[in-house]
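Two complexes follow with chain A in common, the first pairing it with chain B and the second with chain C.
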Partner chain A sequence: MRRISLIDIAGAIVLVAILALAPMFVSSNYLTGVLTVCAVYGIWASSWDFMSGLTGRENFGHSLFIGAGAYTAGFLATIWSTNPWLSLPTAVGVAIAFSLLVGFPTLRLRGPYFALAMLSASAILQRLCLIFWEYTGGEEGLYGLDPLIKSPLHYYWFVLAVLVVTVIVLTLLAQSHWGLLLRAIRGDEATCQAAGINVTFYKIASLMISAGFAGLGGALYAHYQLQVSPPLFSVVVSITVIIMVYVGGIGSIYGAAVAAILLTLLTEMLRGFGEYRLWIYTLTLMLILFFLPNGLIAPLWRRLTERLR
Partner chain B sequence: MTDLLEVNGVTKRFGGLTAVKNATFTLKKGEFTGILGPNGAGKTTLFNILTGFMQPTTGTIHFNGELVRELAPYKIVNRGMARTFQLTRPFVGMNLLENVLVACMSPRASNDKDKEERASYLLAQVGLGGRDKEPVETLPYGDLRRLEIARALATRPDLLLLDEPFAGLGSGEIEQLAQLIRRLHREQNLTILLIEHKLREFMALVSRVIAMNFGEIIAVGPPEEIVKNEKVIEAYIGKTEDAHASA
Partner chain C sequence: MLQILIYGAVSSAIYAMLAVGFTLIFGVARILNLAHGSFYALGAYAAYVLTSLLKIPLFLAAPLAVLLVAGFGVVMERFLVRPLRQSQLAVLMITLAVSLAVEQALFLIFGSEYRNVPSFVAEKLSIGGVDISGQRLLALVAGVLVLLTLWLFIQRTRLGAAILAVSQDPEAAQYMGIPTNRIFSIVIAISAGTAALAGVLVSPFLTVQPTMGLLPMVKAFAIVIVGGLGSIPGSIIASLILGYSETIVAYLISTSWTELVSLVAVVITLMIRPSGILGRRAAF
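What follows is the complex of A and B.
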């Protein structure tokens, strides 16, 4: 993996500054809200990229960790009515617990088992939410969460800060020796074994890290919407996240975060097109993935900055 | 000298086919042994069993006095038995240094604090010095074999298993690689078990031969004796005309 150079840091600072200052120039709660969702998706996409992008084990049920984090926040607020800030660390813990539950039996296996297991695990949790509606509120979900921070603008800045920290932490990990091992696993598991590396351990550990950040993002989302509902567990959420990573350029982490922000903005901007919105969105994605199989954001950034490195 | 590896009655069946039949042998510390046999004799299967990539149907394997059967391959590596693959399996998309670095991260190499320096040193040792940043994709076959050896050495093995290191190489490359292997054996007192089906390269290298045919060990002894052994000649050249006539 490429080392971070000064130009990368400069680019990141400019982007974060634009994102942070945007609501001050266009003062509208709507924009602040959209940007908050953008940042949340950024956390989800970069956390997916860390595990699946580096190890090549596609996780088709990232919504499991997202939903687990969000519902943890929901339960803490509605049943135990604890200090809302407690929901962040608890959501991380619950999401990690779920990653161990699914990861242990499936990550030892090769092939598509892990992807399928994650897909079905998230679907099962969505069903369970409906079956145990007395506790989960069924289709309606849970209402009445307290906001973490009263001012939407300040909350947006907080979520953006979490995204920045997430991307920094995951990038540093990906560039460390640890990240090298994860990329080796993507390359050839048998060679890793021959090199004395406990492949299963590293796969499970990276899934735990990925799940922890996804759960954190889930709880942040819950405290933005002030409610949680079963669609959080849906396949649509997982697939949306995966598409964002592919558009960003798989394995780059920052690309996933930027693509998540841009695609979320694109979805919002297309609202004016009404029914045609999904058509345009899907067509754009298909064109990007067809003509740029390595993604858009990360390869483009590398190209633009090649001479400055 | 003590026995480093003790293989007892190892048999591997795939359905009706017996790939390895009742293999029994020992390796002493510091020994350079070769497994000889024509294609399909069960050599690679035996290697896969020793290194934990396959489980034997029956039989036991002791390494350094410890039963290693049913241990995961990476655990066996961390007990000091490293291998190379016949079809080299580098990590594509990584440079030479990174390829070796992965193995420097194994628990057995935990005493090597500066991983980069160690990996770079190992590359130099196998004759790939100064090429740390080169991508593996452009590497010729002979160099890939060297890379495999560097990766195996990174786990600080007591026993090194080389699976047909000369396959597909030109004679010049073979001579250089043989020199490297000989040097490792001599300078590091490394115990080596090498598979090969090419007689010539092989005989010049090893001090003891285990000859296999159809999954069975048919002869064990020094190379001079093995080349005269009737069963070995039969396996390689076919039966003599007399034998054909009487059969």
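What follows is the complex of A and C.
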């Protein structure tokens, strides 16, 4: 990965400024809400990219961590009715616990076990949510969470700030020695192992980081929607996140976040298509797989700024 | 007791039909087909359309449904999976995209309500005091027959030998004059066909709805991991283990807990013997 240059920082500042100021010009609660969701998806996509994009271990059940975080916030708010701010760190903790549960048996192994296990685990957890409806509220989910911040605009700024911090932290990690190791694992795991690198430790630790941010995003989403429901665990959520990362350019992190924001806005515009929305999404994915194997956002940004570096 | 024995056998047979196809396409073509569950759902819906809407008699509709889905599998492999085969991630993504597209298409065409398919055999049988519907018994018998035929086909025919050769070393097989790509088409057709047959057979006694493919596919993953990726006998043994454990759990505790069985089985397998019961020693 190339170093961050000034033009990257300038681009990021301009983008964040536009996002932060957008609700000031078009003051509507609707737009603020959509942008909040954009930022949440940005957190989810960049956290997926950190683990799976760098190590090449595709996580097909990111919704497991997202749902775990969201439901943690839901349980804390509705059953124990604690201080809502407590739900953010707790959600991170629970998501990390889940990542250990799935990651420990599967990430030691090479091959497709991790992808299969994550997909299965998230599907089964969604099912369990429906089966144990006495505790989880079944299809309806849990209602009546307290907002963290009363004003939607201030909450949006808060989520945007979390997104910015997430992207900065993950990018710095990806640029560090740690990130180099993760990419080396992607390249050739056996060689890394032969070089004395504890491959399993790095894979599990990066999954923990990824899960933590996903859980945080899940809790933020729960406190925006003020309810949680089983579709948060669904394969559709996972695949949406993966499509975003794919469009952004795998392994770039900032690309994932930007693609998440753009695609969420696009989905919102496609809302008129109703049930056909997922179709359009799936079709987009197929087209990208065939024609843009390297993604769109990150390669485009690199091309555009090549002269200015 | 006898009830557990019979019901366990029925669900084992259905799981085995799903898992064997899944493991076959992985073992031969190294394709991890996340669209496997949609073959099962498509089989059930094809049976529904052919019998309830087009009024085709069942015994004609069932093989027709299986053929249609097998054809769908071949087309998917040829035009969507094959161009992307160099990248494992791309294959996973495209097959997952297909499964979502199928689910969504079924949802748009048929809606989310449950559909009914008439039973093949209406009468109930009684074995040793246990009542069992003829349909479940038919699923069991058909499952055993299909697996036996498949085993004989792979072990005894020239084409079967070619499939085995490709699964051992695709490149060497190609050099020996085996048309690898055609073998892939045949294998995906078998794989899709068995999954569709499972869907057709269960359609009278399980609910037919767009998302019906996801959970059986998750079970098939679990079975294949427990049995060893790429091993057909392994996945049959694992199907028996999982089918019976689920039936016993449903009988002793409650049906709610059956979903956990496969998850626990996968975790235990990956911790103790990651290559599965009959998998090769190195976990790929």
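We take it that the second predicted complex is superposed on the first by the 291 of 309 C-alpha atoms of A that agree within 3 Å, B and C clash if a C-alpha of one lies under 4 Å from a C-alpha of the other, contacts with A are read in each partner's own complex, and residues count from 1 in each chain.
Keep in mind that, in the parts below, a contact is a pair of C-beta atoms (placed from the backbone, for glycine too) under 8 Å apart; a residue touches a chain by one contact, two chains touch by 3 or more.
Keep in mind that what you see is a predicted model, and the values were worked out from it rather than measured.
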item: Partner chain(s) touched by A:Phe60 [first = chain B, second = chain C, both, neither]; value: second
item: Touching partner for A:His154 - first (chain B), second (chain C), both, neither; value: neither
item: Which of chain B and chain C A:Pro112 touches, first, second, both or neither; value: second
item: Chain B versus chain C as contact partner of A:Leu128, first or second or both or neither; value: second
item: Touched partner set for A:Arg309, first chain B, second chain C, both or neither; value: neither
item: Dominant contact partner of chain A by residue count, chain C or chain B; value: C
item: Chain A positions touched by chain B in one structure and by chain C in the second; value: none
item: Chain A contact footprint on chain B (complex, rising order); value: 51, 53, 72-74, 77-78, 82-85, 89-94, 98, 101-103, 105-109, 115, 151-152, 154-155
item: Contacting residues of chain C [partner chain A, same complex]; value: 32, 34, 80, 83-84, 87-90, 92-94, 96-97, 100-101, 104-105, 107-108, 214-215, 218, 221-222, 225, 229, 256, 259-260, 262-263, 266-267, 270-271, 274, 283-284
item: Residue ranges of chain A in contact with chain C within the complex; value: 56, 58, 60, 105-106, 108-113, 115-117, 119-121, 123-124, 127-128, 131-132, 235-236, 239, 242, 246, 275-276, 278-279, 282-283, 285-286, 289-290, 293
item: Chain A residues within the chain B interface of the complex; value: 177, 180-181, 183-184, 187-188, 190-199
